[in-house]
């Protein structure tokens, strides 16, 4: 069955979500991935938003985390303070997996969503952290969506908005952050994990038709490709749910 | 018109409440005093409770600050966090007058509502601070209800639960407390104010039929009586409202 | 275990599972309202011992737990019931007789400590209590604290405002977070997953729940999930914080449950009369707590007429005209 | 002035009275929901200048204020609108062209700063942002801070946990309180004294209001005080915090107001197209903001059919099936 790259990325992310996870969701593809996981492999997972909606019914795809569509049928509608506390809280926070995007990611999974160039005189200014820095600071597992381009995988970030493993093993703990950190970087070419010991990114999956070398060619820094396997294509079942149940009007995909 | 001492005390306290005050209320006589003020001299005053009820309708006298009677018809029902923040908040807090009671008060208006004797092996244990310490720490004006007995006006408190002027001028500020402090101590014999400069208690009013000397005889420490005047008896109007509107079933008075 | 599961169980099982000897516990409600009394009596019946209890002003519930000998350590702001009944007699006698270790805080300090626990931070700052004995006198010694990993090393810490007088404060008190092993609250409505809707004041229940490792919710009604979710903004507690849901009508009795029933002035004043005398209190426990197998049996000992008297009026949420002398 | 008074006034007067050049301001809502847009447009029409603005993720409202040249200093967590519209274009170009001073925070840090302001404490601790440039790079210099009494001396402060690892934290970041001169929010229902009932998510509106010296509430409906007081637990804001109440239907348009209307994807995407070009944006302002005398006149420029399209469905609170491409 044919599928688009965006569909593949969504399914790769959905597969990382486990049953009973509490999924912190942004907008766009991350929301679709979380919704797909709930309908496919993690029926008991719970989607929540930084705006304070927990376990929203999501009859329609929200276009923003403050979209009225996240308010309908939720278990609780509160506010930002309650939502971030759910992640900083060590009891509930330990169950949360975050899904983030960024303009740049470095080999330790640190993210930049603030600017390109000097902070005070940027060539390009982005939206800024929003809740990304908070999520990355608090939760034990994070998925990161990226477009695979050289400038987006730089050796040095222009601005460190959201903490990954900072500068390597033990750095989160030294800085005072909660342990944990990014789990996977999901791009249009493959999926990267982080080495348990070095905390450096390595290639885990390359997509059908993409060579590991192509992936290396699209990054400033190098990554270990010795553990890489070809990703399994989305199944018919996965695609059917994605297209018919999750985003039937193709608002995101 | 005849009146009881309790009625007089209530009216003396009510007269201290100004229109537009936000009145922090405990149970018992303080609640009746606040209700009386609202019906007599401060129609725009607002009564609120540490439990989180603001401007309750109070069709019946509540017997506790968590009595369901404080929840009915309020502007807002929240919780302790919001209620105390109203007082610590410098914008709203500046409008609040607190009404407290205690087992002991010293000449600087510091209160003990914790114990008599050693803290760890008390002869008598009382309820403890509740919200009294918080109110006394935050708000610019406080009324204190006391029974006038020697042991209740000691030179040295057995335990300092709620801060008055601590050990004198500037002490609140040095300790880091918000400025302000107790305004009046209202007893069964008279009313004491605090000197602007020395922060020491002085006799402002003695009740009809009570001599200043009787008051001094009922305190361990001495107070200035040179400014004392006889208190005005409750008016017919004041008593009528107290008896017919505020506490018709004599639950408190 | 899934947090997205049907959590309904019996009170007996919930207490057996989540309240263990020596655990750190907090209960919801305030003086005469929404104390989780059915759960409190069940804890007493199951003869739980050495509980470490965190309380702001949970009147009736705490006094019974102290009276039943369940508590050995108590951090508390207020042991009293307001004017509704002579205040917390067993609590006071336990301190006077040195039967429990205790430490005093203010209501706001305790609320902030639960709030810090719910937020996942080690402390919150306040300006309450500076210059008082509440900050100076520690009920638990430094030695005891350093030995017990479940206690912070210090009761409080005073620091200079690092933002140089910002917000008008030269100094602040930092109060340490509380994260109880178990919190028990009683609410009006919950669904089987644990989402709660509290009517009237919520006191500190929401933060107590969110700060806690496990949570038992007892409720007047288990309602349909879809019904609760028609107005999610009125559900203060989402199910992700809850371990067990127990249906107990009159679960707050003899304290009040807004919109359902008032406090029972008769029961409360009778209990406080008993509480003043060790022998009478023992008899009271035998009859009303140990002598019954569950909360329904306790209710059976109350005159039907009195239960009718305290039932809430629809308009006001309390029993209008109730004889409260 | 009495806080217990009828506070209803016109939007023009409210903005004239409470929004002054150079004042510190925050607005309610989040990206595409409940931005107080009628008030924002009125601020632009009154050509207010040099505002110091505090924002978490107030998308549409902030971008228009920046575009209208009203803001000179901005403390912000997120300049964007989600996928609903290309994100905050005037905000970005203002930074790229160095037209405003700005300082970045995270959404939680900003929420905590409002929370601290509402609580009356100088700071709150969090573990968010340790090791990041958000803590390292200050938009406002120490020199500028020390000169301005309305700014804290430091952006943030990192301290060791004085409770020795309590709650698992070795260090924490302290973020300083915000107390704006004026906060403006748009809500569904308020009474004439300012008591508010927010439906759906409240975002950070409640703390923004309580932290603020003055507060303007715009609302879809002014409702009877007695009606609101039938369920006081659903009124998140009591009147004691509010300075002015303004009745403006569609007061959040083109952002959404839950249970009343959805965001308008047409207006938002059209505006962002204009926003990309200085000349086009000037024309947009001329027509939709400066060219109308009030919010009703702006609404008159919108097709009636589109206003109908975005009206909220009763069951869901939003416009089901709305064309949002």
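Just so it is clear, A, B, C and D label the chains in written order, and each chain counts residues from 1 on its own.
What we mean here is this: a contact is a pair of C-beta atoms (placed from the backbone, for glycine too) under 8 Å apart; a residue touches a chain by one contact, two chains touch by 3 or more.
The shown structure was predicted, so the numbers you read here are calculated from the model rather than taken from an experiment.
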{"item": "Of B-C and A-C, whichever chain pair has more C-beta contact pairs", "value": "B-C"}
{"item": "Centre-to-centre distance between chain D and chain C (centres being mean Cα positions), rounded to whole Å", "value": "37"}
{"item": "Intercentroid distance (Cα basis), chain D paired with chain A, Å", "value": "27"}
{"item": "Cα-centroid distance, chain A relative to chain C, in whole angstrom", "value": "40"}
{"item": "Multi-chain contact residues (two or more partners), chain A", "value": "53, 71, 73, 77-78, 88, 90, 138"}
{"item": "Overlap residues in chain C, where contacts from two or more other chains coincide", "value": "119-121, 126-127, 167-169, 172, 179, 200-202, 233"}
{"item": "Contact graph of the chains (line, ring, star, complete, other)", "value": "other"}
{"item": "Contact pairs between chains, per stated definition", "value": "A-C, A-D, B-C, B-D, C-D"}
{"item": "Complex contact set, residues of chain D against chain C", "value": "116-117, 119-127, 152-154, 157, 159, 161-164, 166-167, 169, 172, 174, 176-177, 179, 198-202, 233-234"}
{"item": "Chain C contact footprint on chain A (complex, rising order)", "value": "19-20, 22, 44-46, 53-55, 57, 71, 73-78, 85-93, 95, 138"}
{"item": "Sites on chain D touched by chain A in the complex", "value": "29-34, 56-57, 59, 76-84, 87-88, 91-92, 95-96, 98, 104-109, 111-112, 115, 126-134, 137, 139, 158, 167-172, 200-207, 256, 258, 262-263, 265, 312, 316-318, 320-321, 324-325"}
{"item": "In the complex with chain A, residue positions of chain C that touch it", "value": "2-5, 118-121, 179, 193, 195, 210-213, 228-229, 232-233, 235-241"}
{"item": "Residue numbers on chain B that touch chain C, as the complex places them", "value": "27-28, 50-53, 59-60, 62-73, 77-81, 84, 88, 90, 114-115, 119-134, 137-138, 159-163, 166, 171-173, 175-178, 251-252"}
